[in-house]
Each structure stands twice: as structure tokens, then as C-alpha cells.
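Each of the two complexes below includes chain A, the first together with chain B, the second together with chain C.
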Partner chain A sequence: MGGYLGSYATLGLLLAVGVLFFLVAMTANRLLRTNRPSAAKSTTYECGLDPVGGDWAQAQIRYYVYAYLYVLFAVEAVFLFPWAVIFDDPGFGMTAVVEMGIFVGVLALGLLYAWRKRVLQWT
Partner chain B sequence: MTTADVLMLALGAVAVGAAAAVVTTRQIVRAGLWLVVALGSLAGLYLVLSAELVAWVQVLIYVGAVVVLLLFAVMLTRAPIGVSEDLDRSRWPGLLIGGGAGLGLAALLIDAYQWSTVDLADGAGAEEVGAAIFRSWVLPFEVLSVLLLAALVGAIVISRPDVSARVGR
Partner chain C sequence: MPVWLELTIRIAGVVVAFLTLPLIVGQAEHKVMAHMQGRLGPMYAGAFHGWAQLIADGVKFVQKESVTPAAADAPVFKLAPFVALLPYLVVLLVIPLGPGGLVGQSLDIGLFLVLAVVGLGVVSVLMASWASANKYSLLGGLRAAAQLLGYELPFVLAAASVAMAAGTLSLTGIVEAWRPWWLLWQLPALVVFFVAGLAEIRRPPFDMPIADSELVFGYLTEYTGLRFAFFLLAEYVGIVVIAALTTVLFLGGWKGPFGLDTELGWLWTLIKIFAVSFVVIWLRVAYPRLREDQLQRLCWLGLVPLALLQLVLTAGVKVWLT
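Then we have the complex of A and B:
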């Protein structure tokens, strides 16, 4: 298989081999190992201490800002791809670089704001 | 049927099945994870249609960022988590609206494109989009950065009471 779909078939084959490798390794492990489960073994391992409370805790709102920063810079990265493809073409050059510079600069203001408001600080 | 047709059908079936699982599961976190499958197979459909840029944007933004935001929103609001019996709204109006919108859009698209065919380009996309943005749509592109900045500042002010208190003082 060649052409466009063929190049992705190679990627798919690689993924399939990767999954197969994982399955074979884990199955071999399961077949060869001894299996003596006990109540103490199947409790959650938490640094050697007995786990306390439920397994689900409400997350702090401050994590949300990190997730949102990630969304923001993912959107920025998305616009960097088409820009990186064309900025060397005739008719773009310096203009495109300046335009992208303004875009990234405005978004960097957001990061600056978050930094100045100590949102990025942990304690 | 060509390979592309088979892949389209298979990925479409996965997308529809996962989307149905999103709205029928009783565990809200699983709904979010089914959404990953649905959006991911949609990205696969874009790949088959040789729209590589759109496909990877779909993976980066929707599968990555938006689902992370959704899961964070769940983790912030619904704790402890588990089977939620109150997830369902009345089913028939939802089915009617969802099915009606789907069938209506399908009828509209089938009517618009009839049986016209388009040759698939070999993984194009990025170059055309880049040329369009940096030639014709520069101003909306720059305004978009201001919009994103405003959204970030708003999210920080709303989510951090200490920040908004300092602003108010």
C-alpha cells in the first residue's frame, strides 16, 4: 500500500505491533508468575501508609487555571503549524513573522498576568 | 468499496457508538472518556479525508485540551463520584431534538452536495490554511489573540477569589 493512506498504514502497523508487544509481555508475565492474592496485598499502596478516606477527592480550583493555560497554548500551537509551513514562502517572510510575533506577544501577556497575580505559585 | 470507504464506515460507526455511550452512561467520568473515543474517531475520519491539519487540530484541541477541561470541571464540582442516578433528563424530547437535528443536517448536506465527487488531495491543509490566515484574515487572527487573553484573565479572576479581591481593593 502506497500513497497517503499507505503512510498512515505504516503508523497503524507500528501501533498494532506496540499493543501486541504489551499484550504478549503482560500475558507471559501472568502465565509465569505465582498468584497468591490476599486482602492486605490488594489495598491501595500509598507510600507504605494505610490509605485513609475515599478514592475521590474534590480537586482545587487552582488546577483549573493550569488546564485553561494548557488550552490557551494548545490553540496557539495550532496556529503555529500553518504559520511554520508558509512563512518561508515568497510573499510572506518578515510580515508573517511580525504577525505571529504580535499573536504570541498578546498571549504571553496572559502568561505574564498569571505570573504577576501569583496564580502560578503553588503556596 | 475502496479502503477509504471501509475506514470511513468503521470510524463513523465507532464515532456514533461512542457518542451514544456518552449520553447513556451513568458514570459522568466515563461519559468524558467516551467523548475522547468519539472525538478521536472523528479525527480519524478527517485523516481518511486527507485533511491532516484538521485531524491533528482535532486531536490537540478537542481530544487533548477540551476533554481535560471537561474532566477538570467534573473533578471540581461532583465529588464524590460514582454512579449518578440523576444524570438523565427526560429521554424523548432529547431523542427527538437530537435525532431531528441529525436527520435535518443529513438531509441538508445530501441535498447540497448530491452525488458530486471531490478528489482527495495528498495530506494537504496546512499550507492553504496558513496562506489564507496570513494573507486575508490577519486582523481576525490578531483579534483572536485578544479574545484568548480576555478569556484567560477572566478565568483567573473568577477562579481565584484572592486575585479578584485584590482587584476590588
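Then we have the complex of A and C:
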């Protein structure tokens, strides 16, 4: 396959084949499996006891701080990759490295701040 | 060769790799774990040292009843195993097996694509856990979300270090640029990438989201039959994918210890992939599960700073060389 978009045609085709694989497997499963539904079978499983309380339980979402930090660094990664490919080309050199160093340094400072504020704790 | 034939061969090659390599790794895990623990492992299926055990498992799984809990959000619940599996199929497309175009499809942003689709794993876990309407599933899913978000960072930063060293995002290009002394230069990135990769595929000692002694079976609690089998398959494809990425980015891919790379490149790649997979299995036997807070501490205070230092080192050496 030639051309820039041509190389992505393979990717698209592979995705289609993946969907097809899943459909064929689930159809085979539908044809081969037994099916004897019962009320007991379709209750929520909690160690074999009857479920206590609602199923849509409330849980403390501890990871939202991690999610914030993740977004920061994910944005950094988006900037990092284009820079990583060209930073040693003629005309960039030390200046480009220092600039990226400052950018990454500011983010690392943010991580240090989060650690000092004790938000990086699970309990 | 006509275009349609070439496309068919490429796609068929990727699908065959997707269906066979995980089974080989899974069988190896059965036997390697067993012998490390002084057991024999499967011996019956296929008559010779249980070689057909996973095929027998597959035949069994496809006949199993599919139970969806009454409380579950059925469409999301049913779709989740597929979302877990599909990204790994895409990754296998861009992993180069040998030089001279022996690859499903070489993309010039291959590394970027790989990191993006591996990051989709967290979506499938959250879909499975929340749609199950089970307290243990939800707890496992929240643990998994925090774990996958956290370890995504060192994973991506370590990969960025190699992209800087090679000056390209194409996986084929990275292997071509690779030199043996990079083993030393990129050693911290290798360690960070491998550990973060283990956490990304939730392998022990990073299997807190599943943690069968605490959370029943985490976000997989409510799954039965073929859908459960797909989650298991996703785990083993995950091992292959992480081993293959470690091989391609850090261990030189198709480059062997003596010439003949053109002829034997595919063999070197496979040997390296299986060697790394062996280490993944070994770590499961050797180390107990981390505690949740230890896990987060290791990531944010260990791996992320180490990966940032590696970036500085890579940039420094690279500028000094040119």
C-alpha cells in the first residue's frame, strides 16, 4: 500500500477484522452454549451471600487528584513527542533542550508540591 | 503482488500472531509457574505435558453459559471485554518482526499510536467495573483507574526517551537507529518502561484491581463464559505486547549478537519477546502483591522522577554527541 493515507487503510481493515472476530466468536458461543436462566443466577455476586444494600454503591473516589496530575503530564507528553523527534536537528541544539528542561522542570515542581501537600496518599 | 493479496497476508499475519503468541505465553506460564513452585502443571490435555491445555480451555469456555447480572448495565457490560482486547490487536500491527518491511504496517507515528491505544485499557476496566453493579467490581475498577492513570506517565516518559535518542517515532526507525551501548544509556528508561508496563497490564505484583483475596475477583467478578475468557486473553496478549514493545524500544528488536540480521531478524525478535515474557511470568511467582498506597508511592515518587531524570540524561548525551 502506497501513500500516507494508504498505510492507515491497513489499520482500518484490521479494526474491521477485529470486530468480525468478536462477532464470529460470540455467535459460535450463542450456538454452542446452554441457556438456563434463573433468578438466583442473575443476582449480584458477593461471596455467596445475598447482596446487602444497593448495587450502585457509593465509593470514595480517591483517584481524582491523581487524575488531575495525570492530565498535566499527559499534556506535557503531547508537547514532548514532536520536540523529541527534532531537538537535535541543526538550528535547535542547546536552546531547545533548555526550553524543554524549563517546561518539564515546572511540571516536576508541581509534582513536588503535590507530594509536600500530602495529596499523593491513598488513605 | 496485487494490493488486495498483500493486504490479506499482512492482516492474516497479525491475526495469527494475535491468536497464537498469547496461547504460547499462557501455556508457558502454566508450566513455568508450576515448576518454579515444585508442581508439574497441566499434564493430561494433548497427552504430552499438557500442551493442549489452553485449547481445551477455549473449547470449554465457548460452551459456557453467558450470565449477565440482573442489576448490570447490559450493553456496556457486554461490550467491555471487546474494548479490552481490540487495542492490543492494533498494537501488534505496528510491531516490526524483522528488517525490510517485515511488519504488519509501518506507521511513521507508530510509537505514538501504540501509547495512545494502550491507554484505552482504563476505559474497558471502568466499563466492566461500573456496568457490573457490584461493589467489589467497583472497588477494583477504581483501583485500576488510579493505577492505570498513574503508570501511564512513566510508561510514556520512558518511551519518549527512546524517541529522543532515535529521533523518530516509527518503531521500525527506532530499531534501525538502536545501538548496543543504548542498553546502558537507556537502562533507567528500560526499567521504568518494563515496571510501568507490568502495571498497565495489571500483572502481579501489580494486580490490586483483581486482588482475588480482597475483592472476590475485582472488575472481573461478574463475568462468565466467553467474555471472561476474552479478558483472560487480553491479559496474555498484554504480556506479548509489553514484551514486544520492550524488545523493540530497548533491546534492539531484530538485531542479533552476530550478523545475519536480514535472515534471522524475525527469530531474534521472537526470542527476545519470549525471554521478556519469561521474566514477566517469573516476577509473578517471585513477588507478592503490593499494597495500594505502596503502588501509588512507587509510581509518583519512584518511577516518574526516574523517567524525568532519564529524559535529562538522554537530551544531554544526544546534544553532546552532535
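One rule holds for everything that comes next: the second predicted complex is superposed on the first by the 109 of 123 C-alpha atoms of A that agree within 3 Å, B and C clash if a C-alpha of one lies under 4 Å from a C-alpha of the other, contacts with A are read in each partner's own complex, and residues count from 1 in each chain.
In this text, contacts are C-beta pairs under 8 Å (C-beta built on N, C-alpha and C of every residue); 3 or more make two chains touch, one makes a residue touch a chain.
Keep in mind the model is a prediction, meaning the values are calculated, not measured.
Taking chain B and chain C in turn and counting the residues of chain A each one touches, the greater count comes from C.
When the shared chain is aligned, chain B and chain C each come close enough to touch A:77. By the document's definition of touching, of the two partners only chain C reaches A:14; chain B does not. Shared-chain residue A:85: touches chain B and chain C both.
By the touch criterion defined above, A:22 reaches chain C but does not reach chain B. After overlaying the two complexes on the shared chain, residue contacts for A:5 are found with chain B alone; chain C is out of touch. In the superposition on chain A, A:67 makes contact with both chain B and chain C. Of the two partner chains placed around the shared chain by superposition, chain B is the only one that A:103 touches, whereas chain C remains out of contact.
The contact surfaces that chain B and chain C form on chain A in the two complexes overlap at residues 1, 7-8, 56-57, 59, 61-63, 67, 69-70, 74, 77, 81, 85-87, 104. Within the complex, the chain A residues that touch chain B are 1, 3-5, 7-8, 54, 56-59, 61-65, 67-72, 74-79, 81-83, 85-87, 89, 91-92, 95-96, 99, 102-104, 106-107, 109-110, 113-114, 117, 119.
Contacts from chain C toward chain A in the complex involve residues 3, 6-7, 10-11, 14-15, 62-71, 82, 85-86, 89-90, 93, 104-108, 111-112, 115, 132-136, 138-139, 142, 145-146, 149-150, 152-153, 156-157, 160, 163-164, 167-169, 216, 221-222, 225-226, 230, 292-293, 296-297, 300-301, 304-305, 308, 311-312, 315-316, 318-319, 322.
Taken together, the chain B residues at the contact with chain A in this complex read 3-4, 7, 47-48, 50, 53, 56-57, 60-61, 64-66, 68-69, 72-73, 75-76, 79-82, 120, 122-123, 126-127, 129-131, 133-135, 138, 141-142, 144-146, 148-149, 151-153, 155-156, 159-160, 163, 166. Across the interface of their complex, chain C is touched by residues 1, 7-11, 13-15, 17-19, 21-22, 25-26, 28-29, 32-37, 39, 41-47, 55-57, 59, 61-63, 66-67, 69-70, 73-74, 77, 80-81, 84-88, 93-94, 97, 100-101, 104, 108, 111, 115, 120-123 of chain A.
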